[in-house]
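Dropping the structures in below, format is structure tokens.
Look at the two complexes coming up: chain A is in both, with chain B in one and chain C in the other.
Let's turn to the complex of A and B:
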């Protein structure tokens, strides 16, 4: 169980501070596939980076009751659109490196995914296309052997067919104990893939709902997100009216 | 056996660093060797009788060595900086502590810089042999080398023979460069990197007419090491 208790984060700058997270409380159990949604600046990346100890924060993050430290951090893996691999190295070198550092590295899964996405094993990653880099980033996160796989916009730059393939493959290969915590803007795309949706708004959890609850309420995830985030559907119409009004007067 | 197995993660990080930078470092060393060889050959061919020391001085080998040192220094700092920035989330999930990672980087840097020094010393020995063969085949090569390494400031700094103070200075120089490069090439670290390189240039080339005193150099290099370690500890503290 990943427990996040009263998580706060302030980014300080010359003029003061910006509070990115204002007390987030969240529990993610093993085997869940959780989608993390929210507008730009809602605190999604900050939340993931805090879980991974990539930045300091206030509050507590526990993994099965223990604070995340060097002993248990290898139970978390991470895929980000900013890419965390070593660009000068080949996928094969990465495999060797991961094998050495992560005892539970999933060799079979690595081979299967590399051949499914037709990625070359002996070519430096810096020469890969953006889509291929994203694929490799996610492959490494899935093959590390972690219990909790965190993803921050992992498919930014991949085409729709590619993403669709990934969702299907993910659902096919995940084992019951593996947990996915996926931050994305592609709400409609991941709706069928996730089992729970968490919504962040202005640094707070604004909504937390399971796919089952959504189904029972007869709502789509997009409707839920729009309602929870107070999306004003008439905003565009009114703005266009104002613009065209001026033109008509001319 | 257990100890060897425990060394696995350390060695793999070492291999990672080597794979990331070794080809470029060897390329720089090769270019340095070619450039120095060409300049030295030009010197001993252009003038009929020129001493080995004169040929070394007039072929500006020290400038090429310093340029190579600077480029390798930048390659190491950039590679490790990128690794620390982009792949930070991967490094943070390893079993190795931040201090261990920093130390492994510093040791790798030390080996790379030491390699450059060794290549340069071998090049000078090779040049001496070529010079002796061309100018006077009966010349006592070891004696000629001994004199050159004592009389030419650049060579004396490179291999100080019996001068303990300069050996200490050289070791501190290598350590300071290694520690500074392990910190990457960020905005703040760039000043340290630049100052260290300027200091090394003054030390090797007698830039201000009179060589920097060994003691002063040692103090400044030690300060460089101190700044590097302090920066590392600060960034590790921020990660906690």
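Let's turn to the complex of A and C:
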């Protein structure tokens, strides 16, 4: 169980501080596939980076009752659109590196996924396309042998077919105890794939709902997100009207 | 039995192209070593002062004492300041390498062994520093040999 208690994060700059997270409380159990949604700047990436202890924060993050430290950090893996691999190394060299540092590295899964996505083993990652780099980033997160796999916009830049493939493969290979915490803007795409949706708004959890609850309520995830985030559908129309009026006056 | 080849790679951040750094360090070490040849000028000058010139002949002055070897090489450590400053700055550069092109720092900071990140930043420059110190040790040992050869035993301090 991953427990996040009263998580706060302030980014300080010359002019003061910006509070990115204003007290996030969240529990994610083993085997869940959780989608993390929210507008740009809602605090999604900050939340994921805090869980991984890549930045300082206030509050508490516990993994099965223990604070996240060197002892249990390998139970968490991370795939990010910023990419965390070494651009000059080949996938094969990454495999060796991961094997050396993560005792539970999933060799068979690595081979299967590399072959499924037809990624070359002996070519430096810097020569890969953006889509291939994203694929590799996710492959490494899935193969590290972690129980909790955190993903931050991992498919930014991949085409729709490629993303579809990935969702299917993910559902096919995940073991019952493996948990996915996926931050994305592709709400409609991941709707069928996730078991729960968490919405962040202005640094707070604005919504937390399971797919089953959504189904029972007869709502789509997109509707839920729009309602919870207070999306104003008429905003664009009004802005266009104002612009057109201005042109007419001229 | 197969000989295991020495590899610099493991002393640097993964995927880091260390050849430029190695060449620059080599150049700065060579620069210091070449400049240190000035020692021979000092040595010959010191040796010359031990003698009197009588009718085109060199005669050892009674009671003449040569300056100690340490004195002849005293200021030469300054020749290696560029090398050591360069290597120290490389330690910082290795850390920033993890932010270059990708954010591999995320992976390095997630590793179960905390020391891996630190070691990858400092090991290479420390290795160069060690190798440079060893080479300089050999160089100055040979300088000392020259000192003992040129300076007559009775004039040694």
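Definition applied: the second predicted complex is superposed on the first by the 248 of 250 C-alpha atoms of A that agree within 3 Å, B and C clash if a C-alpha of one lies under 4 Å from a C-alpha of the other, contacts with A are read in each partner's own complex, and residues count from 1 in each chain.
As a convention for this text, a contact is a pair of C-beta atoms (placed from the backbone, for glycine too) under 8 Å apart; a residue touches a chain by one contact, two chains touch by 3 or more.
Please read all numbers here as calculations on a predicted model, not as lab measurements.
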Combined model on chain A: chain C and chain B, fit or clash: clash
First (chain B), second (chain C), both or neither touched by A:105: neither
First (chain B), second (chain C), both or neither touched by A:126: second
First (chain B), second (chain C), both or neither touched by A:74: both
Partner chain in contact with A:83 - chain B first, chain C second, else both or neither: both
Which superposed partner A:148 touches (first chain B, second chain C, both, neither): neither
Which superposed partner A:56 touches (first chain B, second chain C, both, neither): first
Those residues of chain A which chain B touches in one complex and chain C touches in the other: 52-54, 70, 73-74, 76-78, 80, 82-89, 93, 97, 101-102
Chain A partner contacts - residues on chain B that touch it in the complex: 8-9, 11-12, 15-16, 19-21, 79, 82-83, 86-90, 92-97, 238-240
Of all residues in chain C, those that touch chain A in their complex: 13-17, 101-107, 109-114, 116
Residue numbers on chain A that touch chain C, as the complex places them: 52-54, 70-71, 73-74, 76-78, 80, 82-89, 93, 97, 101-102, 124, 126
Residues of chain A that touch chain B when the two form their complex: 52-54, 56, 70, 73-74, 76-78, 80, 82-89, 93, 96-97, 100-102, 144
